[in-house]
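So that you can tell them apart, the chains are marked A, B and C in the order they are listed, and the count of residues begins at 1 in each.
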Amino acid sequence: MKEIMLNVNGNEHTLQVKPWATLLDVIREDIGLTGAKEGCGEGECGACTVIMDGVAVNACLILAVEANGKHITTIEGLADGEKLHPIQQAFVDIGGLQCGFCTPGMILSAKILLDKNQDPTDEEIRKGLEGNFCRCTGYTKIIQSIKAAAQMLKEGR
Amino acid sequence: MGIFYRRLPRFDYVVPKTLDEVLKALNKHKGAYRLLAGGTDLIPQLKKREIKEPEYVIDLKGISGLDTISYDGNGLKIGPLATITSIAQSPAVQEHYPILAQAALSMASPQVRNRGTFAGNICNAVPSADSIPSLITLSASVKIRSARKERIVPLEQFFIGPRITALKANEMVVEITVPQQRETSRGVYLKLSPRHSMDLAIVGVAVTGTCENGICKDIRIALGAVAPTPVRAPTAEAVLQGRQITSALVDEAARNAVTQCSPIDDHRASREYRCDMIYVLTRRALNQILLS
Amino acid sequence: MGKYSVIGKRVPRIDAKEKVMGQAKYAADYSLADMLWCKVARAPFAHAKILNIDTSKAERLPGVKAVITGKDFNGWTWGFMATTRDEPPLAVDKVRYLHEGVAAVAAIDEDIAEEACELIKVDYEELPGVFDPEEAMKPGAPVIHAYRPNNVSVEYHWNFGDVEKAFAESYLIREDRFETGRVVTGFLEPPASLAYYDPSGYITVWPAKQSPYFHYRHLAGCFRLPLSKIRVIQPYIGGGFGGTKNDSVAGDLCTVMLSKKTGKPVKFIYTMQEVLTTCRRRHNMTIYNKMGMTKDGILTAVESRVIGHGGAYTAIGPLTMFLTGYGTPVPYKLPNYKYDCWRVFTNNPVSAAMRGHGFTHTRFACDAQMGMMAEELGIDPVEIKMRNAIDNPKPGEVYKAVTGFKVKTCGIKEALKAVTEDTIWADRDKMPRQEGPVSYGVGLSGTAYHGGARQLGHQSCAATIRICEDGTVNLITGATDCGQGSDTVLAMIAAEELGVRYEDISIKRVDTAYTPVDPGSYGSRVTLLAGQATQFAARDAKKQLLEAGAKAWKVKPDDIEIRNAVVSLKTNPEKQMSFEKLTKIACYEGAGAVILGRGHSDYGIDEPLDFDHGTGEGGINFSFTAQTVRLGVDMETGKIDVHDFIIAHDAGVPLHPVSVESQNEGGAIQGLGQAIYECFVMEKGKTHNSTLLDYKMPRSTDVPDIKVIDIITNDPDGPFGAKEASEGSHVSTPPAVIDALHSATGVWFKELPVTPEKIVKALKEQGKWMK
């Protein structure tokens, strides 16, 4: 076992982990945050997307020990208490979700996309979501949600 | 026994602080280790038990300075930990080697590009690796180091077979070196896959070269996913090199490129389709570089 | 839609907030203290006798608490109907497809469970396998199940009208061979379950099921327990689309058995590769289709011979083969029809249901063939569809298909009109046909699907409305929302019927200890059947409330109206009280009362399905879809860029427009996957592309812009006039894409999916490549 420290959603966790445990395993099983999902376990689906030191990563492709000392944001860290982040609110308003399994990863990828590009075109949104798979929606309402979120963020809502 | 593993095999994890420590560890543990850079290839391979289970995973990310991308008048140096994203976003790459940015953005997803590295893509050495054909056309080489010595291998000679490279068990790639290109040189990487992202190349074609006063110069063509390793197409280059460029000549070179590869039939594509696509993409790439 | 307060409104999904916050819990998110992990060990052969299984080494591994094999299930098997229950939880005497489960382990963590599987030693005698159904039907082929010595799982032979006479009198006859691909539902959440067989003999499970009551029955049967001791608690479900999550998987049954043996909770999670290798798939089908027409393009007859690739076990296959024939007489008038089908066992993974069940195969074949015949006859492709399309019956009248089922509303003509008036079709000749190597094409389809599936037993479906004394409402149903949005729709129905606000309704997940039995999510039945049950339950509760209100106001119940949670007197709208007040009056009056409304779906079975002869009513109504597709084909590489989908869908009345659109969009993109991207590549039972990298489902960069047009037909049988949404657009997409590909390339493609390689091959054969 190795000792690591993770800052997840602003909380510091000191953990004893197996060297071969993935960051996803540790976030879900040791810390108990189950918002990040395992879809494929090999970096194809993006359901496990978290933000690590400011960039989107697949938590299934990272060893927990590699993340020692890192700052991680999971979907649970996005809302401000009961107040949803504008991207979350846009997904609710527009209906950018069905089964919800891809939604946490989708929203975190959208956050990174909108952090870098405040006014993305449809094509830029599609490209930004290329690592996040959704089988339910056909992506249409997800793309619309992200456009709506961009508008909300610009208006400072 | 068929087992679909969700967990990685047991191994010990070490994160040395210096390159010397890594190189010593490589010597000591011989083949019982795996080097970890971005992990985007290594982790799935370990999970699926596609590679021998290592005793040690040696994480390179404890060493500072391995993730740099530097450019001077002599060329570009890419550190083994430079991520695919950082290469795509590097102003030097975008200005002087746009083909590399293009190849970088054709790979996987933002999440994977944020972790994965060109060095990893090269050392993983699959025939469809997207970074390799472009680097070959730029005459890139890799700097390889062991505890005892350093050597430089042209990338073209680095690959021995699918997932097999010239690296010895006690060696690692410490730098990818890309020489300065002729000022008028242009490059393009064309990747064909059924979907518009998240696919491996069925065929990848990189072309670098220039056309000065209608004469083709410094033409280099490299092909991915159509042979046991990414390959250069020297006889196709010879068709063009130093000659007055015409559509007919481009077509002849593209047809010649097909003779330079030996694709397999597999679940991704047939040999025949791959050959046909080498012709189509090589022709397109040459047209873009030499005729447009 | 002015007459409704809630129905037809774009309310937020009832589960949206939980989902966007990452708080919605799925099966894999549940854990219990002292829980063990289950792993299934699988066979390395597609067809082999099991000679011996030695688990002793695995049992001795520290941390392993139990190991089971097929024998632990004492001969229990499952499958469709009593006569075809041929599938054991773990293989017993032989394995019939590659990676069928042969043993399972419970250990203190998953690492150890996986290591223990490596230590299980199985001796096999490999048997010759058979992988092609037409080979499997030949005499002397390896026999997969002793009870079906010819490997034919089921066969039906239907004959309506006089096909031979009709063909003899036809002006044009075409015979074509079509193939649909080996595809999978593609849900993102792999099956998982947490199971606890407690010391007093009750089973509690948290499984990823879209039909939790099927699993409940399987558990009762498998463990020989009364249903009252089976508690299935439904987590959120990460996508279903039929097949695997309607059913039980080996892991489900093994976790319960291991929990029984160890006395501890046991959890399993499949990997995606396990899903893509061992779970249910859609039947791929070979369809020999013969179609006759008059000179004017009027359909005279269809004869379909269909071979369904069944894989190793029966599962739901008999129903698949029924539905594959059932959908042929819609949406075009068909006077003579013959259907012969065979579902054939092979040593491939098991085929079962998927969205667009059955219809998708024959509608693809018939719609494409109709396009080919229009071309041969020189008739406009829209015109030929309009000439044959079923008219929308006048209210009170029905259209009766040649097979006997009834259509009460039909929006196909209106849908065809809507999509062909849209600019994508109308201006198709004004758009560039060719740009560089890219050739553009626009295609059209018109198809149908049935909704409100009601097949044979287990139809029961009920709802309870519990009125709280503060004016809010608990809606309790056994229906499962696996993502489609049905919980939202059911809450809207309850709110509309009761006259309260949408946000006053609470609905929770299924818990078989408390919720009423329900068949689950398949056959587009939830909105229609559970919706009707909800409607009835709300009416029952409302009746009780109105009686209490009438007594308080000294009027008749009929004199009172409730709308937007305000209770008023119809004759004097000024006289009002809040809904909350009314509930207090009703609940606190006299000795006190608990207001519970009950309802159950009463559609029942009009005319039972006769699988052998093709008659009966399979659902309560039919949806109709017309679709256009605009795409570009790179004529050198064969690569396809799909630009636009225009989908006009007759969902009767869209109850929740957001969900209707989203379902249409999602169904269509799943259909796009089948049309051009997705297909398992198999070799001797081995799946070569068992990852999301190589099993190519559409990504965000592959999908077109989609416009959905609602066609309103207000069906008399659906609640508030509703019909299904999503299966329709799933069925309409492949033929529309095929038509567009023909328009772009001049080639009729008859085998799905049409990959770039297939396009180049076809163009080469026609001498059109690189010319």
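Simple rule for what comes next: contacts are C-beta pairs under 8 Å (C-beta built on N, C-alpha and C of every residue); 3 or more make two chains touch, one makes a residue touch a chain.
If you're wondering where the values come from, they're calculated on a predicted model, not measured in any experiment.
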Label of the chain whose CA centroid is most distant from the centroid of chain B: C
Leading chain pair when contacts are tallied as C-beta pairs: A-C
Separation of mean Cα positions, chain C and chain B [Å, integer]: 43
Euclidean distance of C-alpha centroids - chain A vs chain C, Å: 29
Residue list for chain B, restricted to those that touch at least two other chains: 6-7, 10, 48, 197-198
Overlap residues in chain C, where contacts from two or more other chains coincide: 111, 269, 271, 693, 698-701
For chain A, residues that touch 2 or more chains besides their own: 18, 20, 38, 41-42, 44, 127, 130, 132
For the chain A and chain B complex, residues of the former touching the latter: 2, 18-22, 25, 38, 41-44, 46, 49, 55-58, 60-63, 65-66, 109, 112, 127-128, 130-132
Sites on chain B touched by chain A in the complex: 6-13, 15, 36, 39-40, 43-44, 46-48, 57, 59, 61, 85, 108-112, 114-115, 197-198
Chain C-touching residues of chain A, taken from the complex the two chains share: 18, 20, 28-29, 33-42, 44-45, 47, 74-76, 78-79, 84, 88-89, 91-95, 97-104, 107, 122, 125-127, 129-130, 132-143
For the chain B and chain C complex, residues of the former touching the latter: 1-7, 10, 48, 192, 194-200, 266-270, 273, 276-277, 279-281, 284
In the complex, chain C residues that touch chain B: 39, 41-44, 98-99, 110-111, 114, 117-118, 120, 122, 269-271, 273-274, 277, 636-637, 639, 641, 676-677, 681, 688-689, 693-694, 696, 698-702, 755-757, 760-761, 764, 769-770
